[in-house]
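For reference, chains read A, B, C, D, E and F in written order, and residue numbers begin at 1 within each chain.
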Amino acid sequence: MAEVEAPKLPSGVRKKLMFVNRKAPHGTIYALEALEVVLISAAFEQEVCLAFLDDGVFQLVKGQNTQAIGTKNFAPTYRALGDYEITRLYVERESLAERGLATADLMPIVHEDPDDADEEKPSIQVVGRAEMATLMAEQDVLLSF
Amino acid sequence: MAEVEAPKLPSGVRKKLMFVNRKAPHGTIYALEALEVVLISAAFEQEVCLAFLDDGVFQLVKGQNTQAIGTKNFAPTYRALGDYEITRLYVERESLAERGLATADLMPIVHEDPDDADEEKPSIQVVGRAEMATLMAEQDVLLSF
Amino acid sequence: MSTLHTVNKSPFERAALISALGHVRPGDALLMIEDAVVGARKRTAFAAVVEAAAKICALFVLAPDLAARGMAEKDLIEGIKTVDYGGFVDLAAKHRRVQSWL
Amino acid sequence: MSTLHTVNKSPFERAALISALGHVRPGDALLMIEDAVVGARKRTAFAAVVEAAAKICALFVLAPDLAARGMAEKDLIEGIKTVDYGGFVDLAAKHRRVQSWL
Amino acid sequence: MKFGIVVNEGPYTHQASDSALQFARAALAKGHEIVRVFFYNDGVNNGTRLTVPPQDDRNLQKSWSELAAKHGLDLVVCIAAAQRRGVLDAGEAKRHGKDADNIAPGFRISGLGQLVEAAILADRMVTFGD
Amino acid sequence: MKFGIVVNEGPYTHQASDSALQFARAALAKGHEIVRVFFYNDGVNNGTRLTVPPQDDRNLQKSWSELAAKHGLDLVVCIAAAQRRGVLDAGEAKRHGKDADNIAPGFRISGLGQLVEAAILADRMVTFGD
């Protein structure tokens, strides 16, 4: 989607970066722009993961079709994250439930696991609110969208 | 605050215009901009009133002082509305209550009543939610901020 | 002398839809557009409030916005109708005034 | 390894404050800035939730934003402390990371 | 029927400008008249000709300019809101000593009275925003 | 300590740019370093020199430019977000065949990698937005 620039950083710096997605897609541009940064971040060889909570969970709903509103449909890009070695998408269980959503309503997103003969593994992990809070507390940087 | 332009309209058109204020002041510019249109509207000789509901009721809280955030304090302008013959400010009772506010927390806003020897009358009328809905239903135009 | 109410924000994120539903009157219509269409989903935390409002006034969702969010008619609370942009215009023309709950 | 949470929207209008309070952990701090300062008021519909959170983590409001909304310390839920912009910087420096609940 | 449209947000960040444009097209397709589109608050940012959206995305400024040209629409950018945000026509740029202007074709800069006037002239006002 | 700051909203409509500016000033006053201020989404609109705010109001673009000059701040405007919204420097204007540019002094246009880099270099990232 966006051009990748060569990182100019002291070598060996490896931070835990979490992108925190809390907004519904399409009504505002934040979901799209978060995805742009996520893709760029892949070039920096950091430990990147994504969190989807509150209305952010709507970003992963399957079957999105923006043709009739005339905007760009970036939903398929989530399925390409595995190719960028971004393999951890944490989705908050309570956020899904409040919105009448089940895991089956989400896009299937997978990645190949190099530690397991490149077997396809699911990238989405549904976690409870307390576990989401714990995951956030384990990061070096939280980037909020 | 803003320049007044001469209206270029067929004479005798007199509409009921309500400005619907639902946003808190200072965090966004909408309250300020609504006030700008309200002042301009006075030159058009229409039947203008203002509604304050949801977070819009915070616009009328007394003692606002924006010096330390460096933005313009437009709160005193509400008190000048009477000079523009804008004399009806409807405030929703339920919105006040949910926010822990009482009428005593609001600025005193008055106007001179030409039908009563220019006696000072209060401009703020606290109304219930159902009455607010009725007032909205009596307007020709609702301008939302 | 009815009103068309439009709401464009998710009820899970903003208070606008609930506030609008608290101000509708019999004969009014309420149209959910943009991110508000998720408020029309079945089985959400707000479904009961929306269902109750459907007994007072006519509820609509904008179909193009529905499709963008991956939703279909089967996901909607019973009684909510879909319209396209032309239907939005018709609703605005039919009712005496439009209140945009921004 | 605690977190500073910042919230900038009124809880009466947006879900951010309530969501943030649902994710704080002991040792964290939460700072209300901009329109969020109204969430620190006594006797609101959300006061009980905020009071409960005050037992888990430290709650702060930005004094310049408080003054802009016509509020003073006497209006605040007990236990909520005020800071100025320098205090905001100190809080950000003290905690390991900042989560902005936009 | 006569419609007036208010756009309170700029392009791309919020869907407001997209929705307003689709509404305007649908109203015109049904034979309605649009007395004015008033761009207020961040909405003034729809009216700069300097935008370069990605090739695979829509161009909102161009869409508004083209719709205005085709149907003789009156696209008014609020002068005070535009000044604050750096949307200027040649006259405004000169008056304020700026070395460039950026207003897009089909947009004109005018006062808030144009919004009130539209509210009076139109049968229906529809507002799109955040 | 090293701070990175993200600004996601333009001037005036939201308080985000005001809050970010006050935070930056306070951090510098306490002797901290600001590795970068990254203007993203509508935040890019802080970086146009064509703004003419009212005489009795603050001038956010000028305040950022002055703070950058005084403290050698790196103010980066996201290139893709800026193109969409019509914030261009002379090179960008030329490249895209535009007849004017509007970037303000002290701001530079660069890619999203600058945001990721800031997140890695800074001890703390603070985001201001809607």
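One rule holds for everything that comes next: contacts are C-beta pairs under 8 Å (C-beta built on N, C-alpha and C of every residue); 3 or more make two chains touch, one makes a residue touch a chain.
The model shown is predicted, which means the values in this text are computed figures rather than measured ones.
Student: Once the contact rule is applied, which chains count as partners of both chain C and chain F?
Tutor: A, B, D, E
Student: Would you identify the chain whose Cα-based centre sits farthest away from the centre of chain E?
Tutor: The most remote chain is D.
Student: What pair of chains has the most C-beta pairs in contact?
Tutor: E-F
Student: Residue numbers at the chain E-chain F interface: does the shared fraction exceed half, giving same, or fall under half, giving different?
Tutor: Over half of the interface numbering overlaps between copies: same.
Student: Would you kindly say which chain has the C-alpha centre located farthest from the C-alpha centre of chain B?
Tutor: Checked the centroid distances; the maximum from chain B is A.
Student: Using CA atom averages as chain centres, what separation in Å is found between chain D and chain E?
Tutor: Distance between chain centres: 38 Å.
Student: Counting only Cα atoms for the centres, state how far chain E is from chain F in Å.
Tutor: Going by mean C-alpha positions, chain E sits 25 Å from chain F.
Student: So how far apart, in whole Å, are chain A and chain C when each is placed at the average of its C-alpha atoms?
Tutor: Whole-Å distance between the two chain centres: 29.
Student: Residue numbers in chain A touching 2 or more other chains?
Tutor: 26-29, 54, 69, 71, 141-142, 144
Student: Where in chain F do residues touch two or more of the other chains?
Tutor: Within chain F, the residues that touch at least two other chains are 8, 12-13, 15, 19, 22, 41, 57, 80, 125, 127, 129-130.
Student: Tell me, which residues of chain D touch at least two other chains?
Tutor: Counting only residues that touch two or more other chains, chain D contributes 8, 12-13, 15, 34-35, 64, 84, 97-98, 100, 102.
Student: In graph terms, with chains as vertices and touches as edges, which category applies: line, ring, star, complete, or other?
Tutor: Per interface graph, the chains form some other shape.
Student: Considering every pair of chains, which are in touch?
Tutor: All touching pairs, sorted by chain label, are A-C, A-D, A-E, A-F, B-C, B-D, B-E, B-F, C-D, C-E, D-F, E-F.
Student: Could you pull out which chain D residues touch chain A in their complex?
Tutor: Spelled out, the residues of chain D in touch with chain A are 1-3, 15-16, 19, 22-25, 96-102.
Student: Hey, which residues of chain A end up touching chain C in the complex?
Tutor: 23-28, 54-55, 58, 61-69, 71, 73, 75, 98-100, 105
Student: Using the touch rule from the top, collect the residues of chain A that touch chain F in their complex.
Tutor: 2-9, 13, 15, 17, 29-30, 33, 36-37, 40-41, 43-44, 46, 141-144
Student: Show which residues of chain D lie in contact with chain C when the two form their complex.
Tutor: Contacts found on chain D: 12-15.
Student: In the complex, go through chain E and note every residue touching chain A.
Tutor: So the residues of chain E in touch with chain A come to 12-15, 18-19, 22, 56-58.
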